[in-house]
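Shared chain: chain A. Partners: chain B in the first complex, chain C in the second.
After this line comes the complex of A and B, so read on.
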């Protein structure tokens, strides 16, 4: 009888695991941003530069382009609306796998001092490997209506998808395809800038104390590990980056001996044309724009941080040559 | 020792819903315990003063909860109706010397505060529950698995059947301007299944959980929608409330030991009180039930299926007072069935009521499963005699189906038990 009971429990447990997998979004053809976090784990961990931050990193920089031009090995660990405490945990997690020379952090998320949306939380967290960092991220990112348990058992969140399953859920049940190139999400569409929203007046333009706390911790961790923390503000024509924000970041960088590059200010030098180089009217860059920006920023990184040109390293280069083939195919 | 632990757990869970609530339940328990204990000193004074104070507290909270003035409704103590009815029943029984007062204050507090039935009932009766609650109990394998089957079935009814129907009911009832006539008809029929599965599902959980602990509580439902007339329906629906009203309102009014007219008036008054217990808006619901029950002949006709169908329709139509926020809207929407019925429009727009086709199919199939289980109720009791491995398969299947098909969590309204508000 005990054996039969064990078999029954194992059977239902397996069924439970399979159903969890079935109803969880695969992020392959819709909301593909949810797949990005997962792809890092399959990578060879030999990057000298790691980008962390929100959509402004994964849409605007192409690591493969930077490798092609300068031999820089880099990876973008960006996710949709990645909040600063999520960036911090991703930094900590990354350091468990590798020790890059440079961490590039896009400061756009300094604007947010509390969780914004459950959907964005899911895009960042669903496919993250279980670790102390993930637990911290869930705890600090959950909105009131969310439960920790639903991150452990996605069926609790996604069970309603059982009546909305698509071919994608079956096609990618076992294997998923990668959708980024070292974390860069290619977007070839062109939607020229025509107008942008009016600058909103905010009750306060001062970054919140808790946000600085996370940035302080990033500074501390990178310094303890002899890593250069580089702050950037990626280019975007939308008026969401206020002069007051800019001043605070400049002051912070100066106080902590950090490099800070506001790439909004060099769009002419980079050659970005918001008629051809954006896929959403100026908020993010498209492939054209990202290629230009990567060429510019790759040069800057190489000049400033003494990065290795891995094109001369046979084993690394062979990996990247395969990536380049696929990348060239994808950007045709 | 086990009972003290059960009492402590009950108090802790109850307190987690608000310490203010705890004050009221402790007051009710303590006042009736002391009143029963010292009633011999000044019987009438102690009885009536305790009775009136407890009734006034209940009435006060009922009024504010249904009028929602000053937004005080959030303070209404959890399960006030259930525990007040329990303590009043106890007090009246002691007054009538039906049994001796409980000596142990711990035992009495456990009778009042046993947490499972404070959420949704059933209303406990001291003379019944004391037999099972205070006896030495052991958790047996059979009780454990049989209780779990009941809990799992309750979860299925509540979250798979009732939860899904609730989406349609909410769409229709929240927009009377757009949904009338045939939509109201559909809502009333479906609401019968929603309320039954929601309420009896909750009771299944309470009974199942109690069974696991070795506590046998009385059934609160007995396939009510298979009743052949309204009299029978009320013997099978919310049995603990019906018998409470019968014992403590109907019989004291004279019951059936009086003239036919007086008996009918007694029935109507009892149902009106029952309606008012649900809330001011339920006056007409109680009145109509009272009138129909009062004039229902005791003999049933030979057309069983027709009787069941008619009874079901009457009960369903009268749920209209549960769906709409006030009596006037209830009447208006009910009569729209007869002069604004448009079946084609309903069929064309059925997927716009909140459920897509797969969900509608799941809803219909699970309602049918619920009906079959009710019809085959006696035969299905043999499940409790199955071997443990087979019981385990039933439990895990039900839990897995509920996890997958249940309406809960983010994206769905938090679904409280409908009857927990009464």
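After this line comes the complex of A and C, so read on.
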């Protein structure tokens, strides 16, 4: 009798787990940005540079290009609209796996002091491994209408997908493919800059206290681990990066002895042409623009932070040679 | 007794329905624009500028149409572009209730009352699923924006 009960329990548990897997989006052909967080876990953890931040990192920098040009090993742990408290948890999680020399943080998310959208939360959280950091991130990111339980059991959130399953859900039920190259999402499209809405007047241009708290925590963690925290502002035309924002970051970097590079200011030097180097009219760079920016920023990193040229390291180089082959094929 | 209760409930339901349907609107040159309605060139007229903003991961574009004194931004819903923002660019136009940029805080209160939500300099008046966002700096209105909940 007991055996029968056990079998029934195991059957229903298995069914529940399978159903959870079936209805959770696979992020392979649609909303592929939701797959990025997962790809890091399969990587050899030998990166000297880790990028964290929102779409302005994963669209604008190519780690493979930086390896090709300078032998820098880097990875982008970026996700769509990654908020600063999410960046902090990703930083903490990364340090459980490896200790890079440099952490590059894109400061665009300083403008957000509260969660924005459940859809973006899901892109960052659905595929993150369970850890204390993920729990912290869920708790600090959830909107009022969300529940913690729905992150543990995705079926509570995605149950309606059971009648809307697509071929993708079956094709990638067991095995998924990687969609980035060391966290870089290639986009070869070209959409020239034309115009953006008028600059809005804001009720306040001062970054909120809670946002600074998270940045302070990043500074503390990186200093304790003897890691250089580098602040950047990626070169996007929109959303507007107000002068008031810029001043606050410059002051913060100076007060905390951090490097800050506003790459918007060097677009001419980098050679970015918003007629050809962006895929969405100036919000993000395309492959062409990201290649130019990576050449520039890789040189800067190499010069400033005494990074190792891993092209002379046989074991690392053999891994990257395979990556380069795939990358060259993808950018053709 | 039951019939009376039923009738009262029906009245309540009808009342709730009406309140939920209320939205802010902007009347300019005898045309009334409603937040949440579909944007059409026939109604809104030829714009003098146009820009698109895509989101980081999701499909669909925010489209902003620039007119002489305001901008209208739409958001895609079921294949239709619905108006969700109207932003004032200068003090040549007024809200339907008569408030314009550079008016005073007291003008705002006399036209909209004190039932607002305040966050810093931002005063938000809500009607159904629409907000009227007003920024007041040094006692004067410096920004007016109508917004529909997405």
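As a working rule, the second predicted complex is superposed on the first by the 331 of 332 C-alpha atoms of A that agree within 3 Å, B and C clash if a C-alpha of one lies under 4 Å from a C-alpha of the other, contacts with A are read in each partner's own complex, and residues count from 1 in each chain.
Rule of thumb we're sticking to: contacts are C-beta pairs under 8 Å (C-beta built on N, C-alpha and C of every residue); 3 or more make two chains touch, one makes a residue touch a chain.
This is a predicted model, so every value here is computed, not measured.
Visitor: For A:55, select first, second, both or neither according to whether it touches chain B, chain C, the two together, or no partner.
Guide: The answer is second: A:55 touches chain C but not chain B.
Visitor: Examine A:156 and indicate which partner it touches, taking first as chain B and second as chain C; both and neither are also allowed.
Guide: The first partner, chain B, only.
Visitor: Is A:15 touching anything from chain B or chain C once the two structures are fitted on A? First, second, both or neither.
Guide: first
Visitor: Contacts for A:31 in the overlay, against chain B (first) and chain C (second): which applies, first, second, both or neither?
Guide: Touch status of A:31: second partner only.
Visitor: In the overlay, answer first, second, both or neither for which of chain B and chain C A:278 touches.
Guide: Neither partner.
Visitor: Once chain A of both complexes is superposed, is A:286 in touch with chain B (first), chain C (second), both, or neither?
Guide: Touch status of A:286: no partner.
Visitor: Applying the touch criterion given at the start, work out whether A:65 contacts chain B, chain C, both or neither, answering first, second, both or neither.
Guide: Touch status of A:65: no partner.
Visitor: Return first, second, both or neither, reflecting whether A:196 touches chain B, chain C, both chains, or no partner chain.
Guide: It touches chain C, and chain B stays clear.
Visitor: First (chain B), second (chain C), both or neither: which does A:146 touch?
Guide: first
Visitor: Taking the stated contact definition, name every residue in chain A that is touched by chain B in one complex and by chain C in the other, in rising order.
Guide: Chain A residues touching both partners: none found.
Visitor: Along chain C, where are the residues that touch chain A in the complex?
Guide: For chain C paired with chain A, touching residues are 49-54, 56-58, 64, 66, 71, 73, 87, 89, 119-122, 135, 142-143, 145.
Visitor: Can you name the residues of chain A that touch chain B in the complex?
Guide: Residue positions touching the partner: 1, 4-5, 8-9, 12, 15-16, 19, 23, 118, 145-147, 150, 155-157, 159-160, 162-164.
Visitor: For chain B, which residues count as touching chain A in their complex?
Guide: Where chain B meets chain A, its residues are 356, 358-359, 362, 387-389, 392-393, 396-397, 400, 403-412.
Visitor: Write out the stretch or stretches of chain A touching chain C in their complex.
Guide: 31-34, 54-55, 80-81, 119-120, 123, 194-198, 200-204, 238, 280-281, 283
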